[in-house]
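First chain A sits with chain B, and in the next complex the same chain sits with chain C.
Right, the complex of A and B next:
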């Protein structure tokens, strides 16, 4: 008898193992193609090894030095040695670029000093006076402090920069003056747009879903078609459609002009309103679909029962209806909000400079300045925001229907 | 007027207002697309109505242009390949998750859903960076693999939804009749969950076809897909070849829509839109 039990347990284990083997491919695939690369990108936000690998002697000579104390003389010799060891400018480029991010002018300083040093005969003899004679910047402690701070291997420079903070040379964290701050406004833009569009999606999606849920089967079918057709149409098509509707020579302006309602074309494009209108159009199905599916399950008799017990319409709505559809509302808001945080193409085509949020900044630092560290730091902020919102909604609602994939 | 009559008059007014809102919102949802598509048939490059002369010249421009032709071909190749890969990976995973009832089920789901939650810009530059390191940036394989990763989660979700309503006893019956697991899956499970598998594949196709951001980073000039080509040309709204391309993508959307509706009608288990289902 025990043999049968053992056989059964063994065959169950085997079945479980076979089942696991079916899940492993997708996990490995996503790990290699998606999750691994994302983690690798995020790790670049704290990675700071370029300077130490290009200027190893200098990094070592400065390791013990503290701001406010005299610079060790060994640092000058180390710098001359490092610069002369760099056989081509390309060897120096990553480090020079990194130092330039935290102190503008460093790239030129390193490159010209290297070129001039190559021409000299024996600069090792008196490195300090030679360096200072090549550029007065070598006499400034800030130059050296910048190198010391960038000596890695990890840094908080990019993450601080991404929230408009900086580390002073004495190590304390300070706020970047508002005139130079560039990132907080973009982060604010991203959140303001996401909030606005989510709110709009509730304001318009709620009554629409309610209409659908209370309509006859035929009408509800037509409404579902109207929601799903744009939903399945490529986003790019919808964005261009709004561009053509709202443009200066577009459909709406043509209509307004030819009907004599306005004298000149209105500027409807490249502003916040255009972005909000298009984003609502793209994301409102994510609000309507989950709302509709919960509204279908709430019998209207509940509201009538509340009314018969003397509840005014609003109280009945708030105390009886709203709690029952809350999971759908939460799921819809989550889906709309999270996706709005990540939008990139809509503001790029329909928005003005004021509408460019975090994703646009990330793309900018990758495409235009190749500042991967900063792009990674901004990605950390965006991703943490997304997961924070996700976690917040899941915790607040504790609803299983919400936790995954009501797409 | 009695109070009752007043209340009903009020509610009638409310309902009328709600109805008008419903119609207006339907116009908002469909209007822009329906206004945009017919412009591709306009003989002159004017963005307004009425269309003066009907013409197919933008379509012939589209077909004549090697750039657009390549983009069209790229979109078809990439979306089809990614759909096949994502469907295979997704169906296997959904079936394994359903069979296994693992302890770490929810953690596995979180991992599988990552590409749907991570903003596409971050996914795009991450994959670009990693593919570039091994010299695979600007290749078809990289783009197809990236789209597979983005599309696989929706297949898992869709197929899991059908499997949740699949009766596991059928597999025991098949086993008792001597079918090995593979045969049982092929002859019993697969036919029953087919509508879910197909709608998952349609969604996967739609995701790949819809993507601009990832393709913008991963595709070189030779891999440009239709949406990327449209993005590149979007600064020139008067090139109605873009409208012609949009019209073609719209037709694909209509086809997918009809296809999904047919699937839903054929099998009540199909989770095309859970909402659409619960209407019955």
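Right, the complex of A and C next:
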């Protein structure tokens, strides 16, 4: 007996090993081109080593200093030493950029002070008065507190900024004034659009999938072709086509005007309406297909049986039909919702600025301002929200003794 | 069988990654330029770069650069020597110089630079080559009364409909303050205070529901032509260019134009410095400067180049004294200091519902 068990275990291990070896290439591939870069990028949301590496003496001199107490005189000497040690401006640039994020004007202050110091003879003699004579900003505690907060090696600055919080110089966390915020409205926009489109996809996709599931093979085939047709056209073309249709002088406004339904052309483009319509068009197949696949497995006799037992149509639908198709509904909603959270091109082309949401902010910080810390922090928020949504769906469907996609 | 598939897959991955590595661009030792991806880049190619190649036989490569100093910095840092000269906006020129990735330019090596007195910030690391203005434009074919000031952009009673604006805080905050009654010469003094910034955003708040933001000046002209917007903040030279090439009849408001200067910047560590100076000399010639101006209705800073500019174009140029006297020069140093903070607030404000 033990031998058989051992042999079986061994052969199972061997089989597992072979299976693992088969997926090693794709795992390695994912690790190298996907997981690795993602983790590296996301780690930038807390990484804060630039200032300490460019201004090591200053970072050390300020380590013990607390807001509200007098600044140690050693800090001035350390700053002069650090700035003179930076042989080229490029050595200082990353740190200056980082300090400028949290206190405007820091970039220019560091850069010009460095240039002026290089020209001076023996500024170490009286660093405090020399620094203050070069710029009055060196006399302000805020300048130094900003440097101390950015001395790393890790920071919560980017993550706090991404949710409209900031750390005051005394270390307490405060809300950014509403007038100056904020990322929270963008995060809300992203979710509102995703939610609206998911809801619309259910409203439009459900009846379609139901008809398709109850239609004859031939008709169902044609309907399936209609659902898949948009996939044959490039997304970009579909988006631009909506731009033409929805314009003030576009087909839809022309139709409305000539039918006398409206007095003047409607603004359909560059707003929420246009984005919702285009997103619905792009994502509704992702709702219809999972719905259709589960609806197809529900025998029509179930509804008839419910009716024969005295259930009114709505009760039969709610208590017999809906629980059976819930996995498809959940899978479709999840697919649509999560894809909507990441859309970037549709709002960029058809939306106004209020429709841009998180992805375009992330792209902006990655491509244009190169504030990768903030981009990473916003990505963390997006990733965590996607995970939360997924977790919510799984939990909700489990509680109804269902799980995603499978039964 | 499975294992062979496996090996084939591994082979495929290896081949793909080798191709990715090998396909990085090759280096030439002629001269490599990075141009704005805009009509300006195209005009520079025909007016300056091609003739320069003909005359000097130097192998000039013209690359495109992305918008934003960050993108330029990333490109230069990741691949030193990729570019020798870069077209930059004013604030980019200053920041790149401060941070040491643009080199100081020996102005004595460029003949005729003393004639560049129409518009020049005299930056250490950059030579100006064009300037233009942010103005209010409208389609005369679609508008009744013509607007006359930035304040009219806010007058949605008299001119109902949406307005196009550039999705950047640069020049936008300035014109909002001018629309709110701040005098031209006081704009940066006001904007330097937190209250001034709040005031600009408050003014923009009033117009927010009516704004369609564009990110590429071409979009502003297209939207005007399609009647999507009733007026737009846009660049003056583009309006003239569009009227000429598309046959539209756009008008523009000259009062309180905000002017921007574009520069050539020399990348620190360039291996082709002599070729770069040769090109800067060539591009500074009055005839070449005028060819750019004639091509795009964009102003030249070179006074002597005005002799070669088409006479019917002169009244439209930003550099026309009548136009220039009503203009506000964009303060690049202000934006170098404040861009990070203000653009963060602006982007968040813009995308908030």
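Some points to look at:
Heads up, the rule we're going with is that the second predicted complex is superposed on the first by the 364 of 407 C-alpha atoms of A that agree within 3 Å, B and C clash if a C-alpha of one lies under 4 Å from a C-alpha of the other, contacts with A are read in each partner's own complex, and residues count from 1 in each chain.
Operating definition for what follows: contacts are C-beta pairs under 8 Å (C-beta built on N, C-alpha and C of every residue); 3 or more make two chains touch, one makes a residue touch a chain.
As the structure is a prediction and not an experimental result, all values here were calculated from the model.
In the superposition on chain A, contact of A:104 is made with chain C only, not with chain B. Of the two partner chains placed by the overlay, only chain B lies in contact with A:233; chain C stays clear of it.
Of the two partner chains, neither chain B nor chain C is touched by A:322. When the two structures are aligned on the shared chain, A:112 is found in touch with chain C, with no touch to chain B.
In the overlay built on the shared chain, the residue A:29 is in contact with chain B and with chain C. If you count the residues of chain A touched by chain B and by chain C, you find the higher number for B.
Once the two complexes are overlaid on the shared chain, A:254 sits against chain B while remaining clear of chain C.
By the touch criterion stated above, A:369 is placed in contact with chain C alone, chain B being left untouched.
In the superposition on chain A, contact is made by A:15 with chain B only, not with chain C.
Overlap of the chain B and chain C interfaces on chain A comprises residues 21-22, 25-26, 29, 247, 249.
Within the complex, the chain B residues that touch chain A are 18-19, 21-22, 25-26, 28-30, 32-33, 35-36, 39, 47-49, 89-90, 92-93, 95-97, 99-100, 102, 106, 108-123, 125-131, 145-146, 148-150, 152-154, 156-157, 181, 203, 206, 209-210, 212-213, 217, 226-227, 230-231, 234, 237-238, 242-243, 246, 249-250, 252-254, 256-257, 260, 273-276, 278-280.
Residues 15-16, 18-23, 25-27, 29-31, 33-38, 40-41, 204, 207-208, 210-211, 217, 220-221, 223-230, 232-245, 247, 249-251, 254-255, 281, 284, 289-290, 292-293, 296-297, 338, 341-342, 344-345, 349, 359, 362-363, 366, 372, 375, 379, 382-383, 386-387, 390, 403-407 of chain A touch chain B in their complex. Listed in rising order, the residues of chain C touching chain A in the complex are 2, 6, 9-10, 13, 66-68, 70-71, 73-74, 95, 98-101, 162, 167, 198, 201, 211-213, 226-228, 268, 333, 336-345, 347-348, 350-353. Residues 21-22, 25-26, 29, 88-90, 92-93, 96-97, 100-101, 104-105, 107-108, 111-112, 161, 179-183, 185-186, 188-189, 192, 247-249, 265, 267, 269-270, 352-354, 356-357, 360-361, 364, 367-371, 374 of chain A touch chain C in their complex.
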